[in-house]
Amino acid sequence: MPVTASFLSDNAAGVSPEILDAIAGANAGSASAYGADPLTESLTARLADFFEHPVACFLVGTGTAANALSLATLCPPWGAVYCHAEAHVTIDECGAPELFTGGAKLVTLAGAHGKLTVDALQRAQAGFRLGDQHQVQPSAVSLSQATECGTVYQAEEIAEIAGWAHGAGIKVHMDGARFANAVVSTGASPADLTWRAGVDILSFGATKNGALAAEAVIVFDAALGRELPFRRKRVGHLFSKSRYFAAQFHAYLDDNLWRRNAAQANGMATRLADGLGALDGVTLAHPVEANELFPGMPDGLAATLRDAGFLFLDWPAAGDGGRRLVTSPMTTEVEVDAFLAAARRYQSAAAGKSASGADQAS
Amino acid sequence: MPVTASFLSDNAAGVSPEILDAIAGANAGSASAYGADPLTESLTARLADFFEHPVACFLVGTGTAANALSLATLCPPWGAVYCHAEAHVTIDECGAPELFTGGAKLVTLAGAHGKLTVDALQRAQAGFRLGDQHQVQPSAVSLSQATECGTVYQAEEIAEIAGWAHGAGIKVHMDGARFANAVVSTGASPADLTWRAGVDILSFGATKNGALAAEAVIVFDAALGRELPFRRKRVGHLFSKSRYFAAQFHAYLDDNLWRRNAAQANGMATRLADGLGALDGVTLAHPVEANELFPGMPDGLAATLRDAGFLFLDWPAAGDGGRRLVTSPMTTEVEVDAFLAAARRYQSAAAGKSASGADQAS
Amino acid sequence: MPVTASFLSDNAAGVSPEILDAIAGANAGSASAYGADPLTESLTARLADFFEHPVACFLVGTGTAANALSLATLCPPWGAVYCHAEAHVTIDECGAPELFTGGAKLVTLAGAHGKLTVDALQRAQAGFRLGDQHQVQPSAVSLSQATECGTVYQAEEIAEIAGWAHGAGIKVHMDGARFANAVVSTGASPADLTWRAGVDILSFGATKNGALAAEAVIVFDAALGRELPFRRKRVGHLFSKSRYFAAQFHAYLDDNLWRRNAAQANGMATRLADGLGALDGVTLAHPVEANELFPGMPDGLAATLRDAGFLFLDWPAAGDGGRRLVTSPMTTEVEVDAFLAAARRYQSAAAGKSASGADQAS
Amino acid sequence: MPVTASFLSDNAAGVSPEILDAIAGANAGSASAYGADPLTESLTARLADFFEHPVACFLVGTGTAANALSLATLCPPWGAVYCHAEAHVTIDECGAPELFTGGAKLVTLAGAHGKLTVDALQRAQAGFRLGDQHQVQPSAVSLSQATECGTVYQAEEIAEIAGWAHGAGIKVHMDGARFANAVVSTGASPADLTWRAGVDILSFGATKNGALAAEAVIVFDAALGRELPFRRKRVGHLFSKSRYFAAQFHAYLDDNLWRRNAAQANGMATRLADGLGALDGVTLAHPVEANELFPGMPDGLAATLRDAGFLFLDWPAAGDGGRRLVTSPMTTEVEVDAFLAAARRYQSAAAGKSASGADQAS
């Protein structure tokens, strides 16, 4: 059956034409390998503009690599990393942070809608004996922005967490696989959501927002990044033909492609949420603040939508009948409206059946 | 100064148009992420055809990742890997094999022209106390094909080494970053140079031969590859948009692009070697059997060539005045001939000076 | 101030004279190093008798080493280990299991009185996507016997957990730092509490029960232990003068020293518990089934006892006013009774004050 | 057959009575665990006296642990350690340094009689591209004192190597498994052979010189040791009953037991060397400067000595007919003289046979 629309993931979507063009455009002549090419070398200055702050930038191939390298930079082998219980770093990276750090421990915390709170952090911290050689030592906190529940941290929420963390000698990592979605959602600037709020290191992802494979570790304090060239190389993420990866980021920043793409994805998620929210029996497990939504749906509705060619995942973590829908820059209004129409048809039919059943019963 | 021609490395070269086209062609619609897309799924069968043997195929982003994952597959944390003293795995990967294996030891062996011999392996093996808990245990041998000296192993040389290795309970890895160059050079088939000769696992590289970033771990015995999905994910080399990486390999295999590219690179290296060999005072440290050459050149000649816009590396390992020139699929006869012409002009001028010096002296 | 009695830990206690004598007795002449001495070699047969089953035995220096080596034996680098949230392996080993396994993840589960249940394990297991390369894979469950809360698993409880685990392809480790205490407490045999109930590997500790430094990894299935000689050596736990470590275990088994020591420790804990239980305002957070007790005590009482020379730890995990008292083979009735008498005096005095306060109020 | 004398290894020897007495003497009452006991706490000051310098001291169970922890302290995961090709750290520790460092590389260098030279180090260093992210970075040099060939470094030799190393940003580790033997041999002080000569960290071993299991990492710069408590714990080398390990070192320092023991071992080695040197057909592969000797012996002589109950190892690294004899504090003149007498008897008999053969031939 043909796919009518895929809401499986933003990384199931294709690549923005601007980014494909940039890759092709990078192909003229030879260029020094391993990042000593003009596109890679000029990227740092562009990112410094983007973040309004000097940065060091380390291109890597995947978000998992960016996250695990970031945590290894912040956390010794005997360190602990606080993260949300649903965080990608602990759920979906097959132990990459543990490997890259040399065996650090991820300490998972509960929190509504995928978000950490200072309160949860303080309680966890109270459970550690600081400085005691018998225990791993809390060294980093990792925030996902946007979160795995499709919510976002406001700048002041980040600042509050980072303030507490720094006071406790703990560094702050942000998993920004969906960073652009969070910027668009909050209306804050990239600077506001990162170093100004106290973020020490950022996994800056573009792949989920229209790139082919473009991820970067962004370090806001040069000293922190000193070991990263070696760490990156020894996990095999120093690409020889770096120019094609840098080119993706250049195109991503050109004419605010990052913002346009994220706005499209977020807007389509909101449109889906609005439509689904109007249906009886469909509830949303989390506020829809970025490009993911987690509706509870009766199995019949889900099956009908799938039969109609719509792809999405079951998501038990979002409760009974939980599903996950992810929109992307390529998601269109036509797709969303077709999905909603199909859902409405099912509900009407179900209501009719139920009504006729009620008739029969009366 | 404009670059007249770069012989810095084959990964300084651009990407073949066929491969860029394939990337663009993979961009239609959505596709399941993480390798569950049709391009990735169909690649295994194509590679099985290519190798005339069932294979498991694990796409990764770099040759370093492919090598280190391969060695981790063959070698326990307390294992030892035999490799040549100039092998990429020990010289140029910043300890990736040590990290991925969990701390195995690379045992480096000397050997003429970058090649291991059974004799050297036997002598090294005699230095180990097999089964003794105090010592790491020889578990793998890693061959570079083509070698870091621009030479190649013939199928029977591989078979001899692999025969010895298997007899000693040792597995065989081939670092095929320049595998296509070796196939073209030897005239043997991909099968002849791998499983038929006893290779257990291959790092199959296309990046140096015209791809953007296309490397794969090829496993010839399915059982060996069982842990690779987890190993790959936890080093961050499972790409979400896998289709764009698989597409590169499809294009690489289509119409024998791999062979045409390698033939071009090898041919240009031979042309360079023939030309340089005819010059007084230029000697080649190693036979030129693939796409690298290591001429010993007077400093004056090297400086003159660089002034003329030719790029290449000094290479002390190739002896006094050693340099490294690498050709690529993008290297042209025009570039090679320009290089040789410049070299000849320098030699004539130098001979003239020397002659006129002789005149004056007389 | 002189120590009247230490209830800090069973490893604050001294060494049984029989064990010191055995160490001295092992000192005659020379003996092959690294375990090739008669005392080490004969120990395996004695342990096989003790456990009524063939075993492989690997002496190590600490319980942390025994636990982390055991888990590394059961669990690949991308594995997960289920353990109780208060388990020594996750709380008190500074990441040794993570290091020795190469980065596995410890998944902590709640459970009353320090004990895991099949129910908790099943719920945790349901949260994993088995076989999915994105996730670490549940590979082992670690039970502490006796637990960190001073309780014990009955043989049938272990069998139930191990049965579930084996059904799920998960191996079972027992942290037996206080194994003798559990044997004495349950009345079951060493065999009943280990292999007969499905335990695959045991950290068999004697140090907390009267030895100087005697810990062993006991493997009930020889195939499982094949890699342990190398694993042990490379964490520096193969002792050159192994005979002095083996001698401790011989003495531990001779004349049931292990049982006599554990019975003394357990008996003193029961005596303490009985005495404290009779006091108003003192509650026990957990049943006292081995040699630890966790009374909730008013701060005034705790301070008074400490002033009187009794040592014990505050233990916030046991609730408000929580304390931990550990008895050892060296704990005497005189010490226990002195402690209880001091506690009673304080309570009487407090009651008097309170009564007189009541008087004044009336 | 009864053992007449074992020259297998100094760790095949027993424990000095003074040390056994000290262990027994440490057994009074309870003591805080994990090093917070008076014996462990007072040891630091005694070692500071011994070394005439403030030190931090970390007791561990084995020399392998001390070495690997020391190297992990000096060398990042992407570092390289220079050591002699026969060094214990690379030959006999099953990869412990690789594991503890997180994957650093040991670079082995040749050198006469087991000793590194500045010349060899400089040549190795020239082979590295310093600061280049593709390569592991030289970070430490490890010297064995006494060496694995039974030779010693004089203070000025150490100073020369350490001077070069520090100039290159490289730290200096000394594997002092036989440190006392080197002190006695050189006549230099412990200070002269360590910090005064530029050693940054020392594995200070007593086990081979009469202790039961007493090894320590000695750090001469407190800042260097800051991470060691965590590193030690997470390899399972923080002993709960630390007092019995500290007690061994106290006894070792009391009344210069360390010196008396080493003098006995060294003296017996010299006596053996003198006697063997007088025999035809026996050559010593290395100068005998500590307590090991490496005679080349005809197989017939070796067999005869073994038949007579003398134990020693074949040692192919010492050349044709190479054997290794190690003396210990327990080695007696009676044992040495019996060995030499047996050797002389064999030589006389052989000479007789040869002479009579010559007679017959004439």
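Going in written order, the chains are labelled A, B, C and D, and every chain counts its residues from 1.
What we mean here is this: contacts are C-beta pairs under 8 Å (C-beta built on N, C-alpha and C of every residue); 3 or more make two chains touch, one makes a residue touch a chain.
Being a predicted model, the structure only gives us computed values, none of them experimental.
S.K.: Which chain lies the greatest distance away from chain A when centres are computed from Cα atoms alone?
M.R.: Of all the other chains, the one whose centre lies farthest from chain A is D.
S.K.: So which has more C-beta pairs touching, C-D or B-C?
M.R.: Comparing B-C with C-D, the pair joined by more C-beta contacts is C-D.
S.K.: Which whole number of Å gives the spacing of the CA centres of chain A and chain C?
M.R.: About 42 Å, centre to centre.
S.K.: List the centre-to-centre spacing of chain B and chain C in whole Å, with centres computed as mean CA coordinates.
M.R.: 54
S.K.: Round to the nearest whole Å and give the separation of the Cα centres of chain C and chain D.
M.R.: Chain centroid spacing, chain C to chain D, equals 36 Å.
S.K.: What are the residues of chain D that contact at least two other chains?
M.R.: 77-78, 93-95, 99, 102-103, 133-134, 230, 233-234, 238
S.K.: Per the contact definition, I'd like the list of chain C residues that touch chain B in the complex.
M.R.: Within the complex, chain C touches chain B at residues 34, 76-78, 102-103, 133-134, 137, 227, 229-234, 238.
S.K.: Under the touch definition given earlier, write down the residues of chain C that touch chain D in their complex.
M.R.: Listed in rising order, the residues of chain C that touch chain D are 3, 6, 8-9, 11-15, 20, 23-24, 27-33, 60-66, 68, 93-96, 99, 207-208, 212-213, 230, 233-241, 244-245, 311, 328, 330.
S.K.: Which positions of chain C touch chain A when the two form their complex?
M.R.: So the residues of chain C in touch with chain A come to 77-78, 90-95, 98-99, 102-106, 127, 133-136, 316-317.
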